[in-house]
């Protein structure tokens, strides 16, 4: 019998059976998509961005569709870390899938406190530090656009946790390479790229912004070329692994990110369009490897032919 | 008889009958689209980026389609300023439409020499200084991503010409507002935003980049949300007028840019999809003004309701 | 349970200037659906438009396994939907949301629908009729040509009143003008309503003032449809100490009790 | 003159596993087109796919005002095109490009087509036949099922040879294998060819070695189709002192003389 190719990857200590993760904020806490797929077949579940205290989030409308994309300004609505641990983790723990918690805060101290809290909990496989959310007034995006602040946050979190630490970067910067280097230096075990591009939509009829928050984050196929470019640029500049995301809809898209140098991928907006997109992508990557005669996904990672 | 609304705008000394321009590099030297529309009905024609010496440009493939967008890496192919003046200007001069020359160079001195050369010529209504082309190795994008270099180039050009001077900015920056402020300070009469977003496309089958140049500039509807956001941000920060562009396909799109604060718009990729897009947009803006009971386009500009 | 499926289109016919009725074959699903639930519909195979569109169940026939949708062409998505032909397949996700739940009593039910908001009410009317109760239906529209599937409603309604803003059909004015009279004169078990937000608010307030149970079907822009993206927040009263400020139209709704909704927020 | 138009589709039928023939009504244009020219076709109304697709004229009938296209479904654009139905309208821009120009002489013409590259050659065959000249046609394909519209070519060709890579139809091997023999045994006015780049290069080199005029139809990814965007650069010999290094497939081509092309570049 033919052996299946190996899809397993290790993202800075986060071990996954396959490289397909969910993108934070697009997959809830996992249970929402349970009717549509077997959660155990995911590489990892990255849950909605979590903060110390509950956050109400922004007013509606919170989303607007754009050509081949969407803007969102959810504003980090979440029930807070305590609620998450009490009410969402139990369900996730029933599964055999790594859980990555995406964290956000208003200061380096916030992030550190949250990380310390999660570090003590069982069943959490890694932390993804969102230093790039464009939808909150304070902090958020600023952390991700200046190297020094990015370093402060990652450094503070690094001090309080042994968990694999993934820095999630903003694409709204002049040099993604500089930011990536600075978080690597500050002790990140991996980077996630990209978060959403800052965008805006206006209703010509009412002359009002289509989002209550005026601006929001652009995601979906529209941003894929930018995401792919950033993954490729960063792959050439840092030694820690990259989780690539931004507009991945199909296995072919995922393969492109792996070729560009990502060691894993996250699927976001695609979940809304196709609730079993992640499964299709896992299967499709496996099929691609078989067709190409590759025995291990690492043969594919960073294999761009120039 | 009902009076038609006034569509005339003045962009830092560049007077146009309507706010609809062509985006540099997407409309050749005008003659290419002459079979499809009446060039005299355009607000202005912005010609292909021009350099002192002829440039061969990049190898093919130079374009790749992406979801709701396209990447290009033409690499500033152009016959040089002398050829342009001898062979392309005569045709343009036969028309009654302002001609804006988009210029590029490898150093502030290059730009200044080119600007000085064009300043002496008749029939040129304005200069658009491209400090943002992502497709040339040297210079190009670097000028547009650092305030000091942007200022150097614009300052050098400002010294040698009285023509209306438009700075065309790159969106691949952390703060478009800072760059816009710095070119305003250096003497620009207007800004054009946005040039293309740096992107990449990979062919999963061959594992090669789809562009010979590896990376290229993303344009088309996919980038509209980013462009609109930048126009809105910059409109709140500078006093010189803005020419908005990036994914404008229809009059409704154009109206959105005007609402966000652009005083004129440029149509790029849309020309390839619909060769008389510019005319449809001029007509559509006029109709919008009529329907809204507006007598002058200036009632629309910057009219975002927040 | 909610699922994603390719359903074969049996009919897709125009029933008004901008309104279509689509009938699809979905035998398993047609047995499970509840009136007031919706499906999240993919309107094209490419990425523009990208997102699914929520469309309510208009009617379901458990026996024949048919699902009906009544939809208005608003933009790109619904325009593409209207171009689909019988024999083709449409990508559905659902049934989603909670649906209406009928409050029992010895009175009658009042249905109030405005615009395309009438869509889910036909299914409700069917349910009520099956249980042998009386129905008074009030339908509001802009003008005569915007009164859709009136005959279907007549089939189930004991009394039906059509209101048009321009008076070109039925009575002239807003459908809510008549509600006070209906409330005064009838013994009402429950009011069930769907339509523009302003109408819902008016209906809800009249019902609450008269202490009549009232369910409203809300709308909000949706991403996922399953509670994962938090796009569809709506202002619903929650306990002071709750970790949540908003509820989600897609999973907590789209149907809410009138008194749960915070109507003052804009 | 080139224009943009909405042309009514008369037929759009499958003629091979992945190949379709579309016939549209375009009376004015059908009078003006030249074999070897192409149309820039919009394949969908939304923004994905965004760009037009270049498709050659396969046949034109000035009398009935019909234009024929023969196209292979490769990706999104051509897939959408194949779903269009008679009675619908397709958005065309054209005719574009230079087209083939026949070199007169007292010999015959050789047509060499590979894959879907045969599309424009049928139109050329018609032109040549109208002028009473003899035609030898060599068509290459992957396998039997990839030999399209063979009968149409038989209609105009005095001799026709089919080559398939797997030998499942006609002769086994590459179509270019036979060219030396044809060149040796025939008095050839001109060779006209369209197909994969490797094939064109081989044909061009054989023709040049034998001093036979040869026109090749090139392909390159296109943006505008009218010479404005500089996407479609191809390496053509230009004078040393020219301001240009490249020519444009869309306006300077797609048909070039074999000796103009710089074949060594990759």
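Odds and ends about this structure:
Every chain is named by a letter (A, B, C and D) in the order it is written, and numbering of its residues begins at 1.
The criterion applied here is as follows: contacts are C-beta pairs under 8 Å (C-beta built on N, C-alpha and C of every residue); 3 or more make two chains touch, one makes a residue touch a chain.
Predicted, not measured: the structure shown is a model, and the values here were computed from it.
For B-D, the equivalent interface among the listed pairs A-D, A-C or B-C is A-C, as over half of the contact pairs agree by residue number.
Should one ask which of A-C and A-D has more C-beta pairs in contact, the pair is A-C. In this assembly, the chain whose C-alpha centre lies farthest from chain D is C.
If each chain is reduced to the centroid of its CA atoms, chain C and chain D end up 54 Å from each other. Chain A and chain C, compared by their mean Cα positions, are separated by 36 Å.
We define each chain's centre as the mean of its Cα atoms; on that basis chain A and chain D are separated by 47 Å.
Residue positions of chain A touching 2 or more other chains: 67-69, 220-222.
Listed for chain C are residues 46-49, each touching two or more other chains. Shown here, the protein chains touch in all possible pairs.
On chain D, the positions that touch chain C within their shared complex are 44, 46-49, 76, 80. Across the interface of their complex, chain A is touched by residues 66-69, 71, 145-146, 172-175, 197-202, 204, 206-209, 214-215, 218, 220-226, 228-229, 232, 247, 252, 255-256, 259-260, 288, 303-306 of chain B. Residue ranges on chain B touching chain D, taken from their complex, read 25-28, 32-33, 35-36, 48, 54, 56-57, 59-65, 67-70, 72, 74, 77, 79-80, 83, 220-222, 249, 269, 271-276. For chain A in complex with chain D, the residues that touch the partner chain are 67-68, 221.
Across the complex, chain D meets chain B through its residues 1-4, 42, 47-52, 93, 220-234, 243-246, 251.
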